[in-house]
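Several structures are given next for inspection.
There are two complexes below, and they share chain A, which is joined by chain B in the first and by chain C in the second.
Right, the complex of A and B next:
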C-alpha cells in the first residue's frame, strides 16, 4: 500500500507540532459527541430500561409494578403463540429471502442484457419499494378478500376452483403475507444485484465465453460467486427484516386468523399495547433483540468464512 | 477538517455542556411527572377532547357548537384518534403533561388501563344532578365506567348489541321474512345465495363483534349464563358454552356466515359491504340506528364509496333462537363511551363544565339523542322523531322506536365485566373453532383457563 504525499505531509507536520493523541481527540471527539450522547443516552438507555421492565408484572400505568424476576421469560418459553410467531418468522425469512434473491438475480441479469425499455422495467420493479405498506394494505385486503379481484381473475382464467378466502383462512394467510412482502422488496434486491453485477470484471465473463461456457454456466460459475457479498448483506437485511416484520401482517390480517400470521413484532404490540402486559412485551422485545444480534453475527461469520475460501 | 478548539479545557467544557444539554432535553422530554393540573376557570379557556368516537367529526363539532351557545368562552378542540390506535396513543399522551383535558373511556379494558389518569367525577355528577344522581342516569352506563368506587368518566350514551340489522329492500325483493330460528335463517340464506346476494356478514377478524355474536348465541342456549360466567359465578368450560361455540361453528359451515369472515373486519369491510347492498344482514347494535335516517345513510353510502346511491331502509331484528329452546335472545349493553377529565388537565374546571353539559344536561343529551349514534343516558331524554327523517318513515318509525325502547330496559352487560385477556381468549376461541383447529369443548376450556389466569393476576 502506498502512502499519499498529503498523508506523509500531515504526519510530518503533526509530529513536530503537537502530540498525536491530543490532536486526534481534539479533532474527533466533538464531532461524534452528539451521536454518542444520543446513542448511549437514548438507545442503550432504552435497552437497559426494557431489560429492567422485562422483570416486572406491569400494565405500563400503575405506580406499583410487581417484580417477578425471570418469570416473564419462563412464561414465554411455554407460550404457544410465541413459538408460533418464531416458526412463522423462520418460514417467512427462508421463503422471502430465497424467492427475492432468485427474482432479484433474474431481473438483474435480464436488465444487463440490453433489452428495450429497460429503464421502464426498472422503475416498475422498484416502485413497490417506495410505496408505504399502510397505503397498500387496504388494496391487498381487497384483492385477497373472498370476493376480491384475485379470485375474480382466477375465475376468468377458468381456474375458479382455486378461488379461496385467501386472508380468511389459516392455510393461506401466511403465504399471502409472504407474497406481499416479496412483491414489495424484490425491487431493492434487484437494484443491489444490478449494481453488484456492474462491478464484475468483464474479462472473467469473456474468458469463460472463450472457454465455451453458455449463459447458465456463466451465471452459475462466474456471476453468482461474485455476488456473494451482496447475497450475505441481503441475507442479514432479510433476517433482521423478518424479525421486525409488523406492518404487513398487522395491516392486512391483524396477525390472524387464529394467530396464523403472528410474528414477534405483532405479538409484542398485542401484548404491550392491546393487552397492557408491558413487562411481558418487554421480555419478548429483549428476546427479539438477542435473536437479531445472534442471527446477524452468524450470517456475518458464515459469509466471511465462505468469502475467505 | 478541524474543530476550532484551542485547548483541552475548552473542549471538555463544550463536551460537558453538550452532555448536560442533551440530558436536560431528555429529562424534559421524558418526564411525565405526577403533578395535578390546575382547576382554572369554569366558564372560559381552551380544552382538548380526544376520542375514538364520534367517528364522524361533524357530529363532535355539532355537539361543540351546541355547547358553545351556552358557554361561548370555552373553546373545545376535538381530535379523532382511530380506535385501533387509541391505546397506543393515549398511554404516552396521558402520562405526559401535554395530553388531552377530556378523553373518551369505554367500560372494560379502557377503564382499567386509563381510569387511573382520570378525575373521580362522582362529585361532578352530584353537583349536576343532585345526591340521587345515580337514579337519573341509566345504571348500566354508570356501572361500567366505575372502578373501585371511582367514577372514571361520565357516560355520554349507552350502546346495545346482540341485534341484527337487515336490508328491508332485499327482504322485500325476495319475499322473505326475518328468520326467527336457525333453520329459518339457513333457508333465508339459501334463497339469497341462489339469487347471488350475500346473506349475513360479520367481521370475525375482530374480537368485539365475535363476542357479540357468541353472547347472543349463549343467550339463546341459556339466558343469563354468559353474564354469570363473566361474573365468575359459572364456568366457561361448561356444556352451555361448548354448545354456544358449536352453533357458532354451524354459522360458518351452513352458509349463514359469509365466506372469508375470519379475514374480514367489521369496519370498514363488513360495514361497507352491507351499505353497498352486497349482504342482506349484519351483526350491529344500537349505534346502527343512525343509518335508519336519510342523512346518515346518505353520508355513510358516500363514505362506503357509493356515489349517488339511493339510501335504502334498514330495520333491526332480534337475534334468532339459534339453540331452538324457545329462548328469546335479549340484547346487552354498556356505556357506549364516557367522558373523562384528565387529572393533569390545566383547565379542569372548564373540562368539567363541558363534561357536565354533554352528559348531565337536558340540552346536551338531547343533541346526543337526536344523532341516533348512541342512546342518551339521562332519563327523560329521547330522540325527537319530529326532527329526524327516516329513509322510509312508514316502514321504519315503529320498529326503530320499539327497538330503542327495548334497548333502554336492558340490564345485561356487554364488555364491562370482562378484561382484555379474556376478550383476547374469546377471539382465539372463536377463530380456532370456526377454522376447525379446535373443538368447541377444547376452545371452551381455553376460555376458562384465561379466566382463571386473569383471576390469579388480580
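Right, the complex of A and C next:
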C-alpha cells in the first residue's frame, strides 16, 4: 500500500516536473534557423523554381516563356540520350562501387599487415582524393590519348597490340571515365575501411587463427562481415556520387564521343547552358533529384535492415 | 590483420602492395613528365610569368575561407540546437535538411543564374560562396549533431544549474568540446569548396575572379593548346593541395573517417 502510494507520488511529481522543466528552457528554433535559411531555404527555393521552369518552353532569356505543362517530361521519356545517360549512371555506379570496395578492403588489410613503406603507399593512394578533378582532367586527356603515356606503357610491357585511342572511341570511353573515378576515390574507401578495421576486436581474429583459419578465411568470415556498416555508408555515398557525376566526363571526354560518356549531370548542363533548352534541362533536373531521393531512401532502408540482422 | 611469417610470403605481400599502388602513382608521374616535355623547366617559367596567375589561388582561398566560416558558424549553432535543445517538429526540420544531401549541384544552375542576376549577385564571390555553403551544411550538421548528441546531458544540465543560459553553454561547452569534429567539417568543406568546378564556371565571368579549377581552361586559351604548359599549370595548382594534405595528414584521415565510425 505504502509502496504504491509513493510510486504514484513519484510518478505524479515526475509527470508534472518534466513539462515545467521544458517550459523553462527556451525553444531552440533560433539556433537552427541560420542553417535552415541557408541550407533548406536556398536549396528548396531553387527546387521550387526548377519545378516551375520545368513546365515551360524557355530559352532562358525571352521575357514571356510558353507554358507547356508536362510536355518536357513526356519528351524526356522518349529521349534516347536520356535513357543512355541513365544506363551509364547505373553501370558506372555498380562498377566503381564494386571495384573501389574490393581495392579499399585489400589495401586496408595489406596496410594493417606490417608491410614496409606502408606510410608512403598510404599517401600515394590518398593524394588523388584531395586533387581537384578539374585540374587532373587535362592530365588524363593526355594519358589516354592515342599517342599518350598509357599506350606507351602498354607497348613497353609488350602489350602494344592493345594500344588504342582510349577516349576517342565509344567502346572504351566509359571505362576510362570509371577508371579515373576509381583512381580518385579509392583513397577515401581505403581510409574508411582502414579505420573500421582498427575497431575490430583482435580476440575474434586470434580465436579464429587458433581454430586453424587461414588469412583468407579470416578476411572473409571475420573482417568482411564486421565492415558492413562502412560498406553500406560507402554504397549510399557512391550511388549519390554516381548521380552527381559531372566534372570528369565533362572535362575529359565532353560527354562523348557520340554521347558514350553522357551522364545526367552533363546532359542537364548541355541542355541548359549550351543549347538553352532551359525548360527541358529543368525537367531533367527534377527527374534526377527524384531518382536521387528515392535511391537514398531505398539504400538507407535496405542498409538498416542488413545491419540489424 | 594478415599474419605472414615466411620470407617468401612477406615478399609476395610486399610485391602485391607495390603493384597495386603503382597505378595510383602513374597519373602523377605522367603529369610531371608531361609538364617537362618540350621546353623543359621553361614551361614553368612561362606559366608563372602569365599575369594574374596567382590571382586564381587568391580567389580560391577567398572563396574557400568564406564557405568555411559560413558553414562552421551555421553548423555549430544548428547542431547544438538539434542535439540538445527543445524544438517543436525537430525531426521534420532535420529530415528536410538531410534530404538536401542528395542534391546534385547542377540542379541549382538555372534558378541561381536568374536569381543572382535579378538581385545583382551574379559575378560576385557570393554567387559561389552561398550555394557551396548551402550544399555543405546538411552533411556538416549531420556529423556535428551526432557528435554533440554523444556528449553527456548532465554537463549541459550542470551548466544550466550554475546559471549559464544556452548561449553561455554553447560558447563554453560546445565550441571547445566539438574541436575534433570541427576539424572534420573543416576538411570536408575545404576539399568541397577548393575543388569545385561548376559554380565558378557558371557564376564567375570576370577573369580576375576565377578559381584554380578554371586554370586549365584558361591556359588552353592562353597557350593555344600547348599541352606541356597546361600540364605545368596543373602541377603548380596541384602542389598546394598535396602540401596541405601532407602537413595535415592525420587531420584529413581522421576527419574523413569521422563520419563512418560510430
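Here, the second predicted complex is superposed on the first by the 282 of 309 C-alpha atoms of A that agree within 3 Å, B and C clash if a C-alpha of one lies under 4 Å from a C-alpha of the other, contacts with A are read in each partner's own complex, and residues count from 1 in each chain.
Keep in mind that, in the parts below, contacts are C-beta pairs under 8 Å (C-beta built on N, C-alpha and C of every residue); 3 or more make two chains touch, one makes a residue touch a chain.
Note that this is a predicted model, so its numbers are computed, not measured.
**Student:** Under the stated touch criterion, which partner chain does A:169 make contact with: chain B (first), chain C (second), both, or neither?
**Tutor:** A:169: touches chain B, not chain C.
**Student:** Quick one: classify A:133 as touching chain B (first), chain C (second), both or neither.
**Tutor:** second
**Student:** Quick one: name whichever of chain B and chain C touches more residues of chain A.
**Tutor:** Chain A has more residues touched by C than by the other partner.
**Student:** Contacts for A:219 in the overlay, against chain B (first) and chain C (second): which applies, first, second, both or neither?
**Tutor:** Only chain C is touched by A:219; chain B is not.
**Student:** So, does A:273 touch the first partner chain B, the second partner chain C, both, or neither?
**Tutor:** A:273 sits against chain B and chain C alike.
**Student:** Between chain B (first) and chain C (second), which, if any, makes contact with A:293: first, second, both or neither?
**Tutor:** Once the two structures are laid over each other on A, A:293 reaches chain C alone.
**Student:** Kindly classify A:116 by the partners it touches after superposition: chain B alone (first), chain C alone (second), both, or neither?
**Tutor:** second
**Student:** Regarding the shared-chain residue A:42, is it in contact with chain B (first), chain C (second), both, or neither?
**Tutor:** both
**Student:** Is A:256 contacted by the first partner chain B, the second partner chain C, both or neither?
**Tutor:** It touches chain B, and chain C stays clear.
**Student:** Just checking: does A:31 make contact with chain B only, chain C only, both, or neither of them? Give me first, second, both or neither.
**Tutor:** A:31 contacts both chain B and chain C.
**Student:** Kindly list the residues of chain A that each of chain B and chain C touches, one partner per complex.
**Tutor:** Chain A residues touching both partners: 22, 25-27, 29-31, 34, 38, 42, 60, 273.
**Student:** Where on chain A does chain C make contact in their complex?
**Tutor:** The contact residues of chain A facing chain C are 22, 25-32, 34-36, 38-40, 42-47, 49-50, 53, 60, 103, 106-113, 115-116, 121, 123-140, 142-143, 149, 153, 183, 186-188, 191-192, 194-197, 199, 205, 209, 215, 218-219, 223, 229-230, 233-234, 240, 243-244, 246-247, 251, 264-265, 268-269, 272-273, 278, 281-282, 285-286, 288-289, 292-293, 295-296.
**Student:** Can you tell me which positions in chain A touch chain B when the two form their complex?
**Tutor:** Touch list, chain A to chain B: 22, 25-27, 29-31, 33-34, 37-38, 41-42, 57, 59-63, 141, 144-147, 165-170, 173, 253-254, 256-259, 270, 273-276.
**Student:** Tell me, which parts of chain B touch chain A in their complex?
**Tutor:** Touch residues, chain B against chain A: 1-3, 5, 8, 11, 14-15, 18-19, 22-23, 26, 34, 87-88, 91, 94-95, 109, 112-114, 116-117, 204-206, 258-265, 269, 278, 420-421, 424, 427-428, 431-432, 434-435, 437, 457.
**Student:** Considering the complex alone, what residue numbers of chain C touch chain A?
**Tutor:** 1-4, 10, 13-14, 16-18, 20-21, 23-28, 30-31, 33-34, 70, 73-75, 77-78, 80-82, 84-88, 90, 93, 96-97, 99-115, 130-131, 133-135, 137-138, 141, 160, 166, 170, 191, 194-195, 197-198, 202, 212-216, 227, 230-231, 234, 237-238, 241-242, 244-246, 249, 252-253, 256-257, 259-262
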